[in-house]
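Each structure below appears as structure tokens.
Next come two complexes, and both contain chain A; in the first it sits with chain B, in the second with chain C.
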Partner chain A sequence: MSAADIASDVPSKARKRRFNTREVLAALVFVLPFVLVYAVLFIYPTIQMILLSFQKAPLIGAGTWVGFDNYAKLFKDKLFGVAFWNTVYFVALTAVPSTLLALAIAIGINRLKGWVQSLILACFFIPYILPVSVVFRVWGWMFDSQFGILQPLIALVAGGNVPVFRTLPLFMPTVAFITIWWTIGFNILLFIAGLRNISPEIYEAASIDGTSKWRQFARITWPLIWPVTVLVLTIQLIAQFKIFDQVYLFGNGGRSDATMGLVQLIYRSAFQKNNGGYGATVAVVLFLVIVVFSVLQFQLLRARGGDNK
Partner chain B sequence: MADIRLVNVSKQFGSVRVIENVTMTIGSGEFMVFLGPSGCGKSTLLRMIAGLEEIDGGEIHIGDRRVDALPPSEREIAMVFQNYALYPHMSVRENMSFGLQNIRMPRDEIARRVAAAAKTLELEHLIDRKPGQLSGGQRQRVAIGRAIVRDPKAFLFDEPLSNLDAGLRVRTRIEFAQLHQRMKTTMIFVTHDQIEAMTLADRIVVMNNRKIEQIGTPMEIYNRPASRFVAAFVGSPSMNFLPVQQISDRDGKVLVRLPDNSEIQTNIVSSRVPDDGKVTFGIRPESVKVSATGAISGKADVVERLGERTLAYVRLADNSVLIAEDEGQSNLNVGDQVRLDIDGASAHLFDARDVAYSAA
Partner chain C sequence: MKSFLKVAMMSAALLSTTGLVHAQEVVTWWDFLGGGDGVRMKALIEKFNEENKGKIEIQATTLEWGTPFYTKVQTSAAIGEGPDVMTYHLSRLPLGVQSGALSEITADEIAAAGLSASDYADSNWKAAQVDGKQYAIPFDIHSIILYYNKDMLKAAGLLGDDGLPKGLDGVDNFKAALQKLKDGGAEYGVSIHSAAGDSQWRIFYSLLGQQDGKFLDDQGQFLAGDNLDKAVKAVNVVQDWVKSGLAPASTEYPASIALFTGGKAAMHINGVWEVPTMTDLKAKGELFDWGAIALPTFFDHPATWADSHSFAIPNRVGNPVSAEKRAAVMQVIAWMNKNSLAWADAGHIPAYSPVRDSEEFKTKQPNATYSVLAQTAVFDPSSVLAGVASPVYDAAGNYLMPAINGELDAQSAMEQMRDDLQGQVE
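And now, the complex of A and B:
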């Protein structure tokens, strides 16, 4: 057998091995349930939603094809503008502040030891397990304009009781604050996991190198947990863009148009006004916004993540 | 370059004492090795000198300054960690210059020092790589480079060779010896490997159970161990220990009678050894030769051929085992009856408290 024969032999054997029928079959069996569920519950509805956004259609039943009419209408719709900016405002008030605050708290908790650490971590994490209805009741009661326990504090600043959820400039910041309180435990947990991954020897080397506390954070801790930071920020962005429950509950009974977010607009168009086509159009836009932000996040991670290798 | 003095240094973690009243002086420019088994306190002692662990009692002086209350960065020491502790997100250059930037050294001086260290350690071609792109040996050299650029008064090494494979360990060991010859700086090196200790040290501190067992030059430690622990820990294979049936005096030196009634004349002065019937006889394998005319006999249980010599694990009549040496080209086989010739002049005796007695 010549060398050329041997050389040509190798790829065909490798090819045979790569397409071993039994292995392919086994792989399919493992992958198929997910692919089916993903196709039925995600791919199909997404395609339907996109198609629906080009139709004038009720929530259920056939519609008529109207091309880009829904999109044109969208940009003329004042309510869409309000909902869009409310959502962006809410994301700005929650995503970055919540990430930075979680990082600061995680660094603090990480310095504690033993049961004190567990206790403080639990205190921050407990709100995360509450359902939104409980969060609504708790904070609704705390901020209640007549007998809320926070009103004496508010009165100190404002000179009297303030109906926080009925005062438009205060509404979004307050709901954002409550949202951060509610969800920050999970972010803290992610950061603590990241911080614990940093070898204590690195900090010892830094202390021998005469690193100040601030420089230690800026040059060692922060770069080393950058991937966790980006992860938390991405999760936060996606979650907060989909804001609905809190704004819906706290805004109920007030000027709901002024406090409306994009998901609420989808809900109102599709489910309350039976305008499935328009609801789908808003949904497509929200979907695109989230996709764009997620891709941006990923790029950001890659740009800095390359440094950490 | 400075000497390091420890005076009555103690440390405890909770109720557990990890270092008890340690006093020693490490001379200026000396290569001192802390040797001992895991958990003996040698790394803790090093970390206390570095300032990474606080001390509960005593004093630490580096040069003419008392440093035990100073933070690590003000002790003018550099440390190489067991796992190197390189900053994973920084390049080799940044790893080496980080500490110098912290003390606001001028940029061109930093560049000069880093370049010099990189040249010495043959790291120039790796200078822009991250630690993750380096092999274990290269990371080790970067860690040493990071220490060198600081131009410290003393280098502290915490088991720096333990993560390298056997071949690289030997080469790096030689590099450490050359580094010390070149820099002539005070160095403290922690290891559990007695070969590293013997080959590198000017002096060795043998530690066991939180305490110093002995401080001495490698040959002092080897030839005149202070305790049974030191005798057993240093030397490979380990020293043979046999129970003694009776000791007596002959010309002022101890005559030992072993359980098989064979007698061995030592060079140890009789008057120093307590005759309380609890004496143990110790002899290194190289002082027990397989010989046709030997006084003791036994059966070879195991035969290890090492090339330049052969080791025989010989079971004596009283069932105790003695490791003996034979020449490299030995035709000894397992199960053979052998006779052993013991060189009594190099024997050691140990009393009931494990204190060692050696020939003067």
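And now, the complex of A and C:
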């Protein structure tokens, strides 16, 4: 059946009503500003970025077409491999732990009442409003290898001061820990909103039936909070794949080749070394990785969540 | 839309008439001087605007130092926007020229402003050129120096009758002096910023220069031939201090200063830009008697890494800086150079020789003591891979810094650094 056939099946009167010119016009007027901004600020640059990845080009100005050269170079680039695995490692260290921890904290806070609840929630949320530079300064001084307030504690375990951000195996876990501390407030907030949506009557009914706390969590809370969990995890995944600021700041001046993530490789290629084409290539690959991961994850988790219900 | 255009045209007309009334050139100025030196620069700009009222007015903006500044300069120049004049690191000049962000300054323009090459140290003036063309006018020379605690050096018998340190020249002598200071109660003989490549690069490049080593030779080869051995020797010097506990390992920038100002380290190697920090602390009565000298001679002859703040004119595509404006810009540059004595308060050494040779400068301490280093300064290699926030700086973080801290063997660190940088040559 062609499109025209379908159209002819629809009674003309109904069609007229559905595509009322004035309504269409109104809709366009409402949608247009967004579509325009979206096209100019997102679609167009994205297309340009993809085109740029097939060129040898400076950061600014015209380049020359080189086909798949940049991609060939990318897969031979040792640094790309390191940056890719660092990024995946960082996501693994942050996304799931941060989500689970946020859920646990949210359940705890949800049991509190009145101003105590507000106070504790605020305590967890305050770090989230800090700019990354402040987070960097605060933790940089706390861990400082000479004067850090945490060094006496570290010395108890390690037997002496440890320059945490200059010890490769400790770098990513420490930055991941700081990132969770910094950003978990937002996840907690989402979970609390989700928990408050669960009707108390369900728990009441469960208590009357003599259900244990653990079964209440497993059978009621967990399935009902599942959509929020999926949302938090997806937001986390996308955000952490784009890791740049913290790793850049804490690693600056150090062994940055060993600690860099993909966005830092983009930054270095395009902005520092004036190689816009190669930077765009890394960006395209990161873009694809994030799309694949987040679509896969969202679909998988949603399907599983559906089964639970 | 039409009425918008009308308004725009009217305001443009209004602006141009007010411009005519004042007959004054407005020079848009960008710099990256956000620290203590920025305060001193703002004072200089105010003085200029006062003296040149009705003729030239500088409108200055301070941007973020390093890569952000240079990215902004490049992107704005490419679309015909940006300042009329800007500060620029000479070490960063080759990349600036390659990316087309800089406009050549002609000999006539330099002469018309009353400046000449003979007013500058030869190595300094040449560092402002790429392929024999002038792209910048030097403003200062900044380098690293040795800060010292007079009380501690005196107690260790390392202070001469003239109040200056003695017996520090030579690798072994310096190490022995560090040991003496440590034995005398200092936690460290010398504090260094050992957690980052940039500060270590400056020390390393000085030690390499003292052996006439070439980091990048004229054939475009990094650490070729026996230059590699010299580099390894240079690394070993600092590695040895750290290994022997005479200098702190993996220490961050502010902590390295605090070790010195807090009396835990007897000496400190850092840039001249920390002179205001010491001066201000001393003025508040929170610092011991201190001094600063040029880096000791560890090897064959004196040499110290140096860079220059300079002034450059951007190559604004499709909207070049007009001839009248350029003349005004050159006036600004010349004035700044001739008044750069005030700039010495920021620790920097004026690039302009008449100021450096003046009586006022010669009595300015400690600048006058360490300013001899300008004669033997070695500037970063002239390459798009070198300079402030460059691949060479990154490589220093990746290989030099871990070598200093004993994580990498000096020989293999230098080989890896060489191969990495050579691999980045396109």
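By definition in this document, the second predicted complex is superposed on the first by the 291 of 309 C-alpha atoms of A that agree within 3 Å, B and C clash if a C-alpha of one lies under 4 Å from a C-alpha of the other, contacts with A are read in each partner's own complex, and residues count from 1 in each chain.
In the analysis below, a residue touches a chain if its C-beta (ideal position, glycine included) is under 8 Å from a C-beta of that chain, and two chains touch if they have at least 3 such contacts.
As the structure is a computational prediction, the values presented were derived from the model and not from experiment.
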Fit or clash - chain C, chain B, common chain A: fit
Partner chain(s) touched by A:145 [first = chain B, second = chain C, both, neither]: second
Which of chain B and chain C A:166 touches, first, second, both or neither: second
Angle, in degrees and to the nearest 10, that opens at chain A between the C-alpha centres of chain B and chain C: 140
Which of chain B and chain C A:274 touches, first, second, both or neither: second
Which of chain B and chain C A:63 touches, first, second, both or neither: neither
First (chain B), second (chain C), both or neither touched by A:227: neither
First, second, both or neither for A:219, with chain B first and chain C second: first
Contacts of A:97 with chain B and chain C, given as first, second, both or neither: neither
Distance in angstrom between the closest Cα atoms of chain C and chain B, superposition on A: 52
Chain B and chain C contact sites that coincide on chain A, given as residue numbers: none
Parts of chain A lying in touch with chain C, wherever the complex brings them together: 58-61, 140, 144-147, 163, 165-166, 252-258, 268, 271-274
Contact set on chain B toward chain A in their complex: 50-52, 71-74, 77-79, 81-83, 85-89, 98-99, 102-103, 130, 132-133, 146, 150
Chain A to chain B touching residues, read off their complex: 199, 201-202, 204-212, 215, 219-220, 223-224, 307-309
Residues of chain C touching chain A in the complex: 67, 71, 74-75, 78-79, 95, 98-100, 195-199, 248-252, 255, 258-259, 384, 389-391, 394, 397-398, 401-402, 405, 420, 424
